[in-house]
Every structure is written in structure tokens, then in C-alpha cells.
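Taking it in order: structure first as C-alpha cells, then the write-up.
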Amino acid sequence: MEKFLDFIVRAGSLDRRYIFVVIALVVMLPLFFPLNLPIRPTVSSQTIYDTVEKLESGDKALVSFEYGPSTKPEIHPMAIALLRHLFEKDVKVYITCLWPDGQFMAMEAIQQVAVNQYQKVYGEDYVLLGFRPGNEAVIKGLVSNFRKVYTVDAQGNFLDDIPMMNGINKVADFDYLFSASAGYPGTVEWVQYAADPTGVTMGTGTTSIQVNEVMPYVQAGQIKGILGGMPGAAEYEKLIGQPGIGTSGMDAQSVAHIVIVGFIIFGNISFFVERRRSKKY
Amino acid sequence: MKDKQFWSVAGIIFVLFMIYWVAGHPYFVSERSVMFWSILIVGGVLIYSTRMAKRGEKIFLRTIPGLKAVEEAVGRSTEMGKPVLYVPGIMDMDQVETVAGVVVLGHVAKMTARYETSLNVPVSRAIVMKAARESCRESYLLEGRPDLFHNDMVHYLTDDQFAYAAGVNGIMLREEPAACLYMGKFYAESLLLAETGNSIGAIQIAGTASPSQIPFFVTACDYTLIGEEFFAASAYLSQEPELIGGVKGQDTLKIMAVAVMLLATLFNFFHDLNMISWDVLGFLTVQ
Amino acid sequence: MNGSEIFGAWVAVFLTLGIFSYLYKDNPFYKIAEHVFVGVSAGYWMSMFFWTQIQPNLFGRLWPVPEGAISGFFMRTWYGIYNFFGVLLPSVFPDGGIDKGHGTHPHFIYIIPFILGVMMLLSVVSKWSWFARLGIAYTVGMAAGLRAYAFLNSNVLVQLKGSAVSFVGLDWFSLTDASIINNVIILIGTITGLLYFYFSKEHKGTFGKVTRVGIYFLMISFGASFGFAVMGRISLLIGRFTDLITYGSSTYNYASLWVLLLMIGLLAVWTFKGDKKVAS
Amino acid sequence: MFMKRQLPIAIAAIIGFLTLFGWFVDEPNIKSFVDDDATQWFDILASFAIFLGALNLLKLQALKIIKKQKGWPYAALAIVGFTFSFTAGFILLGSYNVEISQYDDPAKVATVLASEINLDEKSAENILIAMPEGDTYTIDTPYFTKSGADDVVEKINAAGGTANMRATEWGSHISTRGSLFNWMFRFIFTPLSATMFALLAFFVASASYRAFKIRNFEATLLLISGIIIMLGRVPIGGNISSWFIMYIIVLSLSAGVNTWFKNRKYTLASVIGGILIVTIAGMITGWPVDQPAIFYLPVLQDWIYNVPNVAGARAIMIGIGLGIFATSIRYILGIEKSYIGE
């Protein structure tokens, strides 16, 4: 017994590089040997799905890309799933970017979903307006006059020449607003400067870390539903019935969480054993 | 009516606005009048309490446990003959948290001067370095120990987030400070710092307002100044009437917020029961 | 798969593993990757902001393509300046003016932000460091005006409204839907949490008990925050591993495997040799 | 002195005041300035601020090299990195397209095309034949140099086709697949910035192991709510039976009884009693995985993050909202002036 306790105490001050190796393994292995755990949608993901489901063919949705490569694994799958749902419903999609890298992410998503999967027509079914710097000031500008901020789209075409831009002059002209956001500027700013002042229905997909900051907005009804991180994306993929990157990452995610919880519990056991000993001596 | 000037200006603004309103309030977005009045009232409360503080009104601020702990931590470092490490966050002086961090640094520098303990302040922005140096120099002068102060106690590492974290971790492992204080704006590096500090067994005290970083500090540090506590601490330490008045003003506003919440719930309850027709939720919705 | 893609994959793998090598210890691979990152990202941000804002929305307004021939001394001088720039940087200032849909007349009022911006850049010279203050003051002032309204509305007023919960026509308790008990918990939690941040009174007696409840709610919220933080970081790692696995395929000549072996080998050699320069 | 101190404060005050009250004004001239032009100016200045940041970085690294400070070769590497991305952004386009618009004999042109896009001649010919009348076909991957693209154009023209070279426009090159800038984004910027953050996954794990200790009641709450979110949010949480959770609760309650009463009999009684109650209840209901729902992790985590978590987060949000309002007002009134750096 004494020896076992000794081991536990010593394991408590283990070189952290052993922990790194364990984490690398538990994340890597399920990617090679999937477990196919069933996914269960949470209430907030279901809300997003229901809201989009209510949109009708020809409705206009503004989707804003506010993430970059650093958070791509979390947000990109949900952006793709949402675009799939919107195109499935024949909703017109307008894409803006408040992060410079967002434009690249949007291009990738468009190539995959709009061009390859649904063969949508640029300028009639979707448009990529591109990135504008200025954070919340850009949103404020879009709310009052869309055409001041964007005179050309990302490819340099004039907005007046794009058929689907007809009748779009401010954010209030849209039926749905979605922010795929990884931080500032992002969801919070869209709520403050666009959704609250105009009353346009808004949904959001955020990194896991942001979920907590955004939850009060969701509870107060300022945002209708939220997709949280990669699990949120997996849930949405499940809802639209098209499994993607999010779903394939869930096994690794599950196993890693279990292992980390195990670490926490073991760390605490070792902590208690040590504390009891130091009391004795 | 302690502050006649304030009340007369407020009265004049009110009367002028009323005249404008009665005259048909041209060019005014009437749907936002609730927000307009909120801004005037909230702004008024803040200005009023700042003015009162400047005029010398006694303002009580509760003790903040984390602050007492700072003194203990410096004391312990002195006993052990080890340095104190102070990290003022990774952002520039335009962030309120950085400003608060530098204010608290001044206070810590006073203690290290008094106890003759060595202080080490790595920073990640050039302007923060200037400000932090000034603040330390002043504290050492005030304590009558300018001889102990040297410029290198505040030194610049790098602007880059992770390189900075790696640098600070290096200092921790080499110098093994007995107390690590993290006060300022932190992002993902909070975890790296707090964990390394924990592993060398230092007393750790943190103060920050970023909600997503607080959990890491709360679990890994001995004391954490959470969000507004941190701002209040800097006001408390600086004893500047402007800052203290601000804290007092925000306190008043919090009580008002609680009152509004309770009243709104009550009115909403009666509205739901069809006992009154006034819709409080509609009233509070400003577009 | 063409050459530039395969070469790109090798570069990407080297940089990715270079940064991961920090997990072992601080080493030259990590330092190389880190410094390349600092330099490249500065140039990257600069290009992005220039081509999406300064060129189209500032220069595009100052020197739009004029309608017909340019006449008058003033306008000729104005476009003369433009042509001079055009000689220096033809990619930025194409012949004849910049056509980004800002009409055909120069918006001269945009000289103000242009001058403020240029002053900002000149502040690199230590003697003129105060030059930047004017531009910074503008952004600070504007952000203050925007935020004062937006935060008071969305973060205070609407949140107060959100806490004014309903009790009529709801179930007593439900885990997944709004219910009376849930609403009471939210109301109590918000109020006690807010009172924890009340500084003008000592936390003793009844008030102390109230704020105690407040801190419990804050802790539950921080715990959730911690859970989400773990979740997010793991997702990012999954993303990196997926990329490495892709780059480790035969299409990319097994880039991930080769680079990994090379790095482990070199790190091992350095460690066993105990090279002082590396170990420091 | 006026330019250095009063003017900046005056600018901040005036602009702040205009923007704040611009929310309430419906006068077209003021509205158009405040909502449109003023925000555009802000955006432009924000862009210049990025330039300033880059210049400061260069200055710093250059000084490091000149003074031969420790690690100066790495500083040189940073400058090389900057030069590369600047070149990709402003000087070297690296994206020239070849468009084929007409041909006399598809087979001949297809020979040229096939060697350019790594296809057999038959498929290349099919691509050309499938091209609608009056339309053009653009070769998928752009050419890195202008002369490279010109060569191909010449070859196609020699084979009896009509082709021309089209350079990607400056400005849209940043978002065009195939440009040097885009290559840099995909293979240098993306892996670097993504891996920097992925590193944190490892540190989060080691921090959980070493730092997250149950020191007091608050820390316990934090830990439990964190663990429930972590397990309940991911698919595996749905496979953990609520009965398993109940057994764990029984055991931890017994541990509590043990420390509280310090009497082995009580502890034993609570362990056996608890296990018996849970087991009998389970046998009666038939051990459903997700019942009772309050012990089922996916449902429990939904409740935690929709109810108590929202209350805590909202308290912080209101506090921060008031704090930011107060700071903003101080900027507008010119009380807070730390932004001028004095």
C-alpha cells in the first residue's frame, strides 16, 4: 500500500512531456481507427436548424466569416454545414468577412459547397463581398448603407452589375444573419451593432471558448441558437444529414476529453495523498 | 444638493431638451429615446460620483482579499530571499487592464522597496515598458530607496505572444521567484504562465477581466482578482479620486440595475396576468 | 498535383513540426518557425489591409477614373501627383485612375484621413513619435462613441430585459425548456453575481451570504468556460493532425514522415552532444 | 504643445461626442457623415495602424541585428519572412492565366494542352470539344511567370489555336487561387498560426493534471461544472449511463460522510445503503441510459450551460458593460488620456 501511494505521489509530479505524448496518442489514434460514436444534437444547435428551416426559397441570408486558419478546425465545418443547408433550401447567400483570413476561408467553403456540390451561379445564388477592415465600424456602416462599404465584390465586380444585389441597401434588407466567429470582431459586435438595432434574426457559430461569453445573448433572445465549436458543427452535420469533418473529429475529441478528465481525477488523488502525508509528518 | 453646479447644469440640459421635445423634436430618432435617457442618467451618475470624490467625500471601498495576499507574497519572498515576478499582461497601454496593471505595479514596487526584495518585470510592449519604469521609479523614490531602483528591473522581451510567454517561463525556471503576480490583459498564454508558476511552487496572484482566461487563473493561482475586482483594486491602490469615484458610481449603477431587474420582472408578471396593459419588455427593446 | 503544391506541403510540414518541437524544449527549429511567423504575418496583414481598404476605398476615392479628359490646372496637378506615384508603384496606381465604383469625382474630404494616416507612419521616427496621436485619438474617440451606446444597449439594457423573466404559463421545472425554477435561478444568479462586484460595502452578515451565492454562480460559469476551453484546444489539435496525415500521404511524397524523422534525429543528436548553444 | 496634447484630446472628444449622439440624430447630412464617412475614416486609419505595427516590428528587428544582440540571426530570419510576404503582396504577382478561345484542329491544340495539365490527349481534346461556342477555356493552374504563360500561348497559337495571356488583377490577387500570395497563405501562414494554437491543447492537458486541484468549495464547483461540460458535450457523454453517474455520486457522498463523521460504521452504511437504493431503482426501471434525465450528462450539461452558467456570465457581462460605458464616457469627456502615452 505504502509503495502504491508513493507511486501516486511521484506520478503527481511527472515530467509534463509524458502527458504530451499521451495526448498526442489519444488524439491521433481515433483518427486512424474511428469508433463512430452516435451524435446527439443539443437544444441550441437544434434552434439554429429550425430557424434556417423556416427560411423560404429566395430569402436572403448574410453570412459573415470571422475566423482564420488558427481556428479553422472549429468553425470551418459549421460554416460548410450551414452553407449546405442554405443552398439546399435555395436561399440566396451573401458573404462578408470582418477578418482578413475570413476571405480565404469563405473561398474554400464556396468552392466546396456552392461550386462543386450544388453548382450554384455566382451573382445570382451567392456572392462573396470580401473583407473590409474596421471591425465594428464596418458593421455600423453596413447597417446604415451597404453600398458605402462595398462598392465592389472580392473579385472587383461592381455591386451594381450583380443581379442579386438588387434591393440590398442595408442590413435590414436581409432575412437572416449568421456570424461564423472566432473572436473580435465577431458575434458580439454583430449583436450589438446589427441584430439589436435592426431586429434581423441572427444565428451564430463560435469557437468553444467564446460560447460562454455569448450565452447571455442567446438566453435573452438576441441570438437564435448557437453552434459551439467542433461538436456544434458535428451536431449540425447530423441535423442536415451530411456528415463531414466535424463528425469525423468527434471520436478523437471524445477520447481526449475522457483522458483529460482522467488526468484531473488522478491529479486530485495524488494531491490528497500528498496532503495527508504532509499532515502526518 | 451638495453639488449645486452639477444639478444646475443637469437642470439646464433637461429644460433645454424639454423645450426641444415640445417644439416637435425635429431630427430626433424617437424610437431610441429610452436609450437616450439611459445614457444621460448613467453618464450623470458617473460624473456626479466622480465630482463628489474629487470634492473630498469619504468613500468606503471594501477590502479585496487578493490585495492583502500581495503583501503576504512579497513578505514571503523577502523571507526566502527570492525575487518577485510581475507580469503586466501582453497588451498595449490602450487597454484599460494594462493601465490597471501598471497602477498595481506601482503599489507592489513600494512594497519591494520597503522590504528590499528584488523585483523583476518583463514586458511585451515598448510603451508599457516606459510607463512601468516610470511607475517603479516613482515608488522607489517615495519609499526613499532610489538607490535600489535600476532600469533593468523593467525590461522588454518581445511583442510576440508566445515568444513572450516562453521568455517569462524561462525567467521563472531560472530565477525561481517566490511570488508571481499576473495583472493585466491576458489571452491564451495565461495557461502557460500559471502552470509554470504552479510547478515551481510560487505564490501566484492574478488579476484580469477576460472571462475566458479567469478559470485558468482561478484554479492555478492562490488568489485571483476577478474582472471588476481588478479595476477596483487599482482604484483602491492609486487613491485617485477620479478612479475611486468611478468605482462608486458603478456601484450605484449596479444597485439601479438590480432594481430595474426586479421591477421589470414584477411588471412583466402583472402584464402576463393581464392586470396591466403596459408591456415592460417592449419598453426595454430599443432598435 | 503540381510541383508548387508538393513543395508547399513540405514547407508546411516543416513549420508545423518545428512549432510542435517546442513541446520537447525550446530549440532552433521552434525559433526558426516562430521568427518566420512574426515576419511573414506582418507582411501578410499589411498586404491584406492595403488591398482591401487603402487602395480601393482611400486611393479609389481620391483618384477615381475621371469622366473625359482632365481639365483645369488644379485637377491636372492632382492627377499629376497620381501619375508620379504610378511610376513608383504601377501595381497600386494603374494608368488613368482607380476604378472601384466611387464615382468620377475625387472625394477631397478623404485627404484628412490620408494625412492622419501618413502622420501615423511617420511616427516611427522617434522625434515625431507624437504624430501618431492624432490618428489614434480619432480611432479612440470613435470607438468610445460607438461602444458607449452598443454596450449600454446590448450588454446592460437587453440583459436586464432578459432577466425580467416570465412566470406565467410555464412548467414548474424542466431541464431543457424555460421553466419557473430555471427562471428564478437565472434571476437570483444574475442579481447575486452582480452584487459580488459591489465594492462600497464589506461582504459581511446577510450581504456576505448573498455575495457568497453570487460567487458560486460565477464559479459554475468559469467551470463551463474551462470545459469549453479544453474542447476548443483539442479541436484545433485534431485539425493540425488531420493536415499532417494528409501531407503524410504518398501524393506529397510522405512529407510528414520524412520531416518528423529528420527533426527527431537532429534533436536527439543535439541533446546527447549536450551542445551548450542549443540547451540554453 | 497644443498639437501634441490638446489637439488629440479635442479630436477624441469631438468625434466621440458626434458618434455617440449620431445614434439619435436623423438629420441627413450629419447622419451620412457619422454613419458612412466617419466609419470609413476609422477603417482607413485602422489599416494605417497595421502598417505602423509592421514598421515598428522592422525597426526593432533591424536594431537587434545592427547591435548584434543575442539571437540576432533569428531577427534576420524575421526580416526575410517579412520581405517574402511583402514581395508576394506588392511586387511579384505569380499568377498568369492562359485562356484558349478558338482552335482549328482540337487534336493539335490538345497535344499542347495535355502536356500542360498532365492529362492524356484524349481527355484534353474532350475538354476542348466540350467548350461552348464563343466561350473560353482557362487552364486550371495559373503560371508563375509571365514568360512561362507567354510560351504556352505561343505554342497554342503555333498549333492553330487562339489563346491569350491574362494576368490576375492587382488587388484581387490576394484572393485568387494560384497567386504567390495565396501560396504563402496556404503553406506558410496557415500552418504557423494554426499550430501555435494547437500547442495549447497539450498545455491544457498538463495544466488540468497539475493545477486543477480541489482546494475549497468554489474550486470544486468549478471543477465539477467543467467536467460535466467536457463529457456531456461530446458523443461519448451520451454513452455514459445516468446509473453510473448515480453510483459515483453515492460513493462521493459516502466519502463526504466519512470525513464529516469520522465513523466507519456510518460510512459503510451509507455506501451499502446508497448502492442498494440505486440498484433496486435500476432493476425496477430496467436501467435506461438516459433516465433519470438529471443524471444524464448530455441533458445535465445543457441545463448547466443554459441556466446557472447564463446567470454567472450575465452578471459579468452587465458589469463589463457598465465598465466599458464608464471608460468610453471618460474618453469622450477628455478625463482619460492615457492613449496619448503620457
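Read from first to last, the chains carry the letters A, B, C and D; within each, the first residue is number 1.
Rule of thumb we're sticking to: contacts are C-beta pairs under 8 Å (C-beta built on N, C-alpha and C of every residue); 3 or more make two chains touch, one makes a residue touch a chain.
Because the structure is a prediction, the values reported are computed rather than measured.
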Find the two chains joined by the most C-beta pairs in contact, please.
C-D
Most widely separated chain from chain D, with each centre as the mean of CA atoms:
B
Measuring from the mean C-alpha position of chain A to the mean C-alpha position of chain D, what distance in angstrom results?
9
Round to the nearest whole Å and give the separation of the Cα centres of chain B and chain C.
23
Could you grab the centroid distance between chain B and chain D? Build each centroid from C-alpha atoms only and quote it in angstrom.
28
Distance from the mean Cα position of chain B to that of chain A, given in whole angstrom:
31
Residues within chain D bordering two or more other chains
20, 23, 37, 39-40, 42-43, 46-47, 50, 56-57, 171, 174, 185-186, 189-191, 193-194, 196-197, 199-202, 204, 206, 208, 210, 212-213, 218-219, 222-223, 226-227, 230, 233-234, 302, 305-306, 309-310, 313-314, 316-320, 322, 325, 327, 329, 339, 341
Where chain C touches two or more other chains, by residue:
22-23, 34, 37-38, 44-45, 48-49, 52-53, 56-57, 136, 140, 142-143, 146-149, 151-156, 158-163, 176, 186-187, 190-191, 194, 197, 218-219, 221-226, 228-231, 234, 236-237, 239-240
Set of chain B residues in contact with two or more other chains
35, 39, 42, 94, 162, 199, 211-212, 215-216, 218-219, 227-228, 254, 257, 286
Seen from chain B, its contact residues with chain C in the complex are 34-35, 38-39, 42, 59-64, 94, 160, 162-163, 166, 170, 211-212, 214-216, 218-219, 226-229, 232, 247-248, 251, 254-255, 257-258, 260-262, 264-265, 267-269, 272-273, 280-281, 284-286
So in the complex, which bits of chain A are touching chain C?
17, 20, 23, 27-28, 31, 43, 70-74, 100, 130-134, 136-137, 140, 151-152, 156, 158-160, 188-189, 191-193, 196-197, 207-209, 211-212, 216-217, 219-222, 228-231, 245, 249, 252-253, 256-257, 260
Which positions of chain D touch chain B when the two form their complex?
20, 23-27, 30, 56-57, 60, 196-197, 199-200, 203-204, 206-207, 210-213, 218-219, 222-223, 226, 313, 316, 318-320, 322-323, 325-327, 329-330, 333, 335, 338-339, 341
Chain C - residues contacting chain D, complex:
2, 4, 8-9, 11-13, 15-16, 19-20, 22-23, 31-58, 89, 91-92, 94, 109-110, 112-114, 116-118, 120-121, 123-124, 130, 132-149, 151-152, 154-156, 159-160, 162-163, 175-176, 182, 185-194, 196-197, 214-224, 226-231, 233-234, 236-237, 239-240, 243
Would you tell me which residues of chain B are touching chain A in their complex?
199, 211-212, 286-287
